[in-house]
Amino acid sequence: MDLMKTLVASTAICAASAASAVELEVTHWWTSGGEAAAVAEFAKAFNETEHTWVDGAIAGSGGTARPIIISRILGGDPMHATQLNHGRQAEELVEAGLMLDLTDVAEAEGWADVVNPVRLLDACTLDGRVYCVPVNIHSPQWLWLSHDAFEKAGLDVPSDWFQFVDAAPALKEAGVVPLAMGQQSWQTNLAFGAIMVAVGGTDLYVDILTNKNADAAASAEMTKVFEAFAAARLLSEGSNVQDWNQATNLVITGKAGGQIHGDWAQGEFQVANQVAGEDYTCLPGLGVNEIIATGGDAFYFPKTDDPEITAAQKELASLMISKEVQVAFNLKKGSLPIRGDVDLSAANDCMKKGLAILAAGNVLPDGVNSFSADTDGQINDLMVEFWNDTSITVEDAQARYADIIANAD
Amino acid sequence: MAVTDAGPATEVAKRPSRLFKNLASKIAAVPMVLVALVIFVGCTIWTIYHSFTRSRLLPAPEKWVGLDNYERLWGENRWLISIENLAIYGFCSLTLSLTIGFVLAALLDRKIRFENTIRTIILYPFALSFVVTGLAWQWILNPQLGLQNVVRSWGWESFAFDPLNNAEIVIFGILIAGIWQGSGFVMVLLLAGMRGIDEDIWKASRVEGIPAWKTYIFIVIPMMRPVFVTAIVIIASGIIKVYDLVVAQTSGGPGIASEVPAKYVIEKMFFSQNLGLGFAASTMMLLSVLVVLIPWAYLEFGGKKNG
Amino acid sequence: MADATTNAVTEARGPKPRRVFSSTNIIIYGTLLVVCLYYLLPLYVMIVTSLKGMPEIRLGNIFSPPVEVTFQPWVKAWSEACTGINWDGLSRGFWNSVQILVPSVIVSIAVASVSGYALVNWRFKGSEAFFTILIFGAFIPYQVMIYPIVIILRDTGGFIGDVTGTNFRLMGSIWGLVIVHTIFGMPILTLLFRNYFTSVPEELFKAARVDGAGFWGIYFKIMLPMSLPIFVVAMILQVTGIWNDFLFGVIYTKPETYPMTVQLNNIVNSVQGVKEYNVNMAATLLTGLVPLTIYFISGRLFVRGIAAGAVKG
Amino acid sequence: MGNTTTHADIEFEMPAASKQSVSVSVKDLDLRFGSLQVLKNLNLDIHEGEFLVLLGSSGCGKSTLLNCIAGLLEISDGQIFIKGRNVTWEEPSERGIGMVFQSYALYPQMTVEGNMSFGLKNAGLPKSEISERVSRASEILQIEPLMKRKPAALSGGQRQRVAIGRALVRDVDVFLFDEPLSNLDAKLRADLRVELKQLHQRIENTMIYVTHDQVEAMTLADRIAIMKDGIIQQLASPDEIYSKPANLYVADFIGSPAMNLLKGVVANGTFTAHGVSVPLSGYDFEKPFEGPAWFGIRPEHVAIGDAANASDTQLTVKAEVVDPLGSDTLVMARLSDERFWLRISGQSKVKIGDELKIGFSAVDASLFDQSTEIRL
């Protein structure tokens, strides 16, 4: 990997502080098959410098990892780098001066020019300073369909959400659960967001997420979204799984017809050696609108007093955003790279679809970046309750939703 | 308290400072006093104070918002369901643990054979964590792979036992696992208490011809009050804190049907990053504990101070 | 017994005949058998599942014994299962757990037993009030305390470091973890020790004072040797609690020193495509092995210890 | 001889026969638990080599007083001197005392030898000295064969002997006994009582002994302090306590069966109760008195039959209950509507319903003021 070495050497930081070898502890919650393989790419690249990557994976989800990350930062014993959803979530830690300022690296490498969409870098920026490295783009609004399952039911693979709903009774008859859905609340909320874009349209979506327009949340268009969501919940009966990748596995094995999930599900299909277009089909925007929201993951670097560690942290930051690592990482993760200037010819069908949409600029803001974790949590709670309790009416749910949006921050 | 200067005393000893009397014992009590004051009282006050603030990801003592967090808390469906679940779980868990523990203890007390083996079998789940307990029972109660499937494969096709995916009874699915884990310890406590009861009581009741079950209910149980108190403290403190079990078994689902307050607190604090709301919820939990505990503590410790 | 009265003189002599299959016995042993099955079922399922291969598990019957016994899941759980990019299973966590366990158990029991002893024999003004507060403390969910304790440990550790001129820290060091386990073990343990020491005759304590033994003399030479049963109880409770702890272990340690439970969580919650139930069960059993062994070995002592005084209010 | 006491203040005069220096002195002792006053302004001097018994019913404060002297209870006010040294705030072990408890309080995990040497080890004595003292004490108490045993392997009597030995080895001036014989059965109790008495005669240390058993008190004590409600009612020799009780409480407490008490009036040198009249010419009044009073006479001071002829007062009563005890027989009759006990010879054949001629004299009696209950 000579190329890597040159690349690293060319960065301003490395030149500045010919750092001696240190160990960097990196915390993240990427532990599923595809995720772990992707992290390994980071580690591999970093270990090829003189430094060492100490992996601090915490399985579960951000909820398990977050108290650990935050208490260690608060306690003055931080890890050296950590995954956090960027945007609103880490704001307070940055404001408290606990995070390393990466502005010099960002300016030296011209991140502002290479990161696409630039909103991802904005999410890392507070008062003009850059505090995190975006590493990938994730879009939640995808429908994943199992060819096996539709074959069993003797149907063609649908090309959008509405066809999928029409096909559901036949799938049921064939003993296939139409829609796989994990029990965790964020998964139901994700599905809601996807249906909202597909059924309600992008204007409605933007109006609610960006403008937090409670009137829009109470509108008749939104009622349609809730009705569609209410109909969808009837399709998931019998999918009693917890984790998203278990739900994805139902699709992979043909036990379920489809799953509404983010593009990271791609990684699971890949690990299972499935080929897009042959074994499964992916429909961005649920096949209705060719549009995706761009959320993603980012890495933050807690401040330390040790200049050697600070140097190594900056080195890791620049490594994570470098072209080579971006390609290697995102191919494994199934997500899109955050820079438009990389060659992704190795990408599969689904990724290419995503890249094309991204290149066309058909992007939407993501819920995580728009709402505070608190509001997001409230919507999660509402959606999972609504999804699982069919006695809640559409009107009732919509009223509560509008209420949350009215008080959102 | 002055020293009385009396009689033909050759000397009058000055009372040494009370502070240094038995100094070693006072030093030894320092950890307890520190834990009680700094951790339990101090942190509780800290928590209560911050429940009135708009603390989000980090504690923000300067952002005072009054009762806002409490208003929101009691307006949330999920909190109400959590409270209701805790009440159901708490009541059932307490009564069932005590009943099962007592019945088992009474059976083992009948001088049976294999007592040691049976006792070990009943007690061993206590060695396992709630996470393990939750996983094992999630697995057994899994409708596709577990009990339901097995009974159906024996030919009882209509058999339905799927508590973890039925919002109406999911809390009882958790209860099954909770009882499994904790009742053995209750049994051991009560058995120990039973063994401590004077043999003569049994002789007396035999002479008077009182049936065994009546002796247990009317004579043995009242005599075992201290043991029951210990057992109740241990069970109840576990009930309030029930979290891992729910997370491992159902993650609060289906929907929000098996949510509990401790889980609400933790998720509001760490998932939703709304520390203020989480603190408000934990203050409410604390308040309910106080309402139950204060009368008990008064009866238990206030009455026999000089006894 | 009605027939016995008719021929009382000839029949009712000597010891009462013992009937092995009396209805009472059948009910008692029958009930106990059912109860034992209920308690053993999960353990059985875990063991059986951990010995099956994945194809067999998919076939469905979780109660059927394995057709083909395989120890592969155990090997995998111990040394191969992975989290993130680490592929070394539980083996590493085992020793980490031992290193956390030993000092935590010793310190927490030492502090609680001394506190209980001071509460009973060396009362001071307000000692009962402190004890009541401790008992209230048993009802506070740990998670609520995480942030304030983090801050306290940070500042205390930093203070000690400043005073001693070293870069001593409590956060992130094993002593921080020991302190946390001591704090949260304190309510129940102090209750146990207090109740036990209350049952020791007061005259013994008086005699020792006349004999010139002080606070520590009486504790070490009189109370400690008398209290073996309750120490066994405390030890078993603490070993179980600390070994099974996940929350504090993960917050107060670093990846190299993660205890076994953290790695168990990582293995169980890291799904590589299909959930490998057999590996999960094996990992679960491996993690539970230490407390389980302790229970199976010293269960009798545990029961005796509780009977020896833990039950007195 | 000794002095009588009043509620208000207590003064003592050294008995002429044993005029010795004071060993233990308690001055103005107060003990309060919160608002509860357990010991009130208590004064007590105990002479060197004296065997003092604190006697009273349970809850009278006798054990509490002993614990205060031992330093096991922190007093609220007052002072305590042992051997002329003010020990009020000293640790129990520094006071020069040895103590024996009702429940023996042997350290269960130590051998007999370990029990006896524990205090000496704490005091930091050299090994040779410890073993010498232990063997001397074990010889005195004849417990040498038990030295390697643990307390659990000993009988009750043996345990108490070890407990005494533990106090003995301390080589102290004052021994404190807290109901040491109460946990033993009757036979053993009598045996050990004798041994204790012999022990005292042999080592001649000061001993303070708490009991509720008046036989123990009468047989062992040089002086007895009878306590009630935290106050010493009377401090005197057993003989004086028995024959000249200082107040109604003491009179009623000492003696079995208790002193016969008649309620009446003293006027013109005569005590008059319902149906009884006793001339008081032979009675040694403390000071002249007239008014309502109690007249007390012990059962054995009542003469029966012909012997009654010599008495000042003679009456006839009917036997209602007859309790033969072997050596003598107790007879209950009724006089002035009160129960009236008589002690007669074990040989006499009295049956229920028999008419008995009895007589008694004021010289053997005790009179108490009805209002103050103090001896007249």
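Letters are used for the chains, namely A, B, C and D, taken in the order the chains are written, and counting of residues starts over at 1 for each.
The rule we apply is simple: contacts are C-beta pairs under 8 Å (C-beta built on N, C-alpha and C of every residue); 3 or more make two chains touch, one makes a residue touch a chain.
The structure displayed is predicted, hence computed values, not measured ones.
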Margin query: Taking touch as defined above, what minimum step count separates chain A and chain D?
Written below: 2
Next item on the list: Quick one: point me to the chain whose Cα centre is farthest from that of chain B.
Entry: D
Notebook entry, point to check: So what's the Cα centroid distance for chain B and chain C, whole Å?
Noted result: 15
Note to self: Measuring centre to centre with CA averages, how many angstrom lie between chain A and chain B?
What the structure shows: 39
Notebook entry, point to check: When the centre of a chain is set as the mean of its C-alpha atoms, what distance in Å lies between chain B and chain D?
Noted result: 54
Note to self: Using the touch definition from the top, which residues of chain C touch two or more other chains?
What the structure shows: 143, 147, 265, 268
Check: Which residues belonging to chain A are in contact with no fewer than two other chains?
Finding: 67, 74
Item checked: Sites on chain B at which at least two other chains make contact -> 144, 266, 269-270
Check: Where on chain C is chain B touching in the complex?
Finding: 28-29, 31-32, 35-36, 38-43, 45-46, 49, 57, 60-63, 111, 114-115, 117-119, 122, 124, 127-128, 130-145, 147-149, 152, 182-183, 186-188, 190-191, 195, 214-216, 240, 244, 246, 261, 264-265, 268, 277, 280-281, 284, 287-288, 291-292, 294-296, 299-300, 302-303, 306-307, 310-313
Next item on the list: Can you check the complex and tell me which residues of chain C touch chain A?
Entry: 82-86, 143, 146-147, 150-151, 153-154, 158, 169, 171-172, 250-251, 254-256, 262, 265-275
Margin query: Using the touch definition from the top, list the residues of chain A that touch chain B in their complex.
Written below: 62-63, 66-67, 70, 74, 89-93, 96, 183-185, 240, 242, 372-374, 376-378, 381, 384-389
Next item on the list: Spell out the residues on chain C that touch chain D in their complex, using ranges where they run on.
Entry: 201, 203-204, 206-213, 217, 221-222, 225-226
Item checked: Residue ranges of chain B in contact with chain A within the complex -> 56-58, 76-78, 142-144, 164-165, 167, 250-257, 266-274, 277
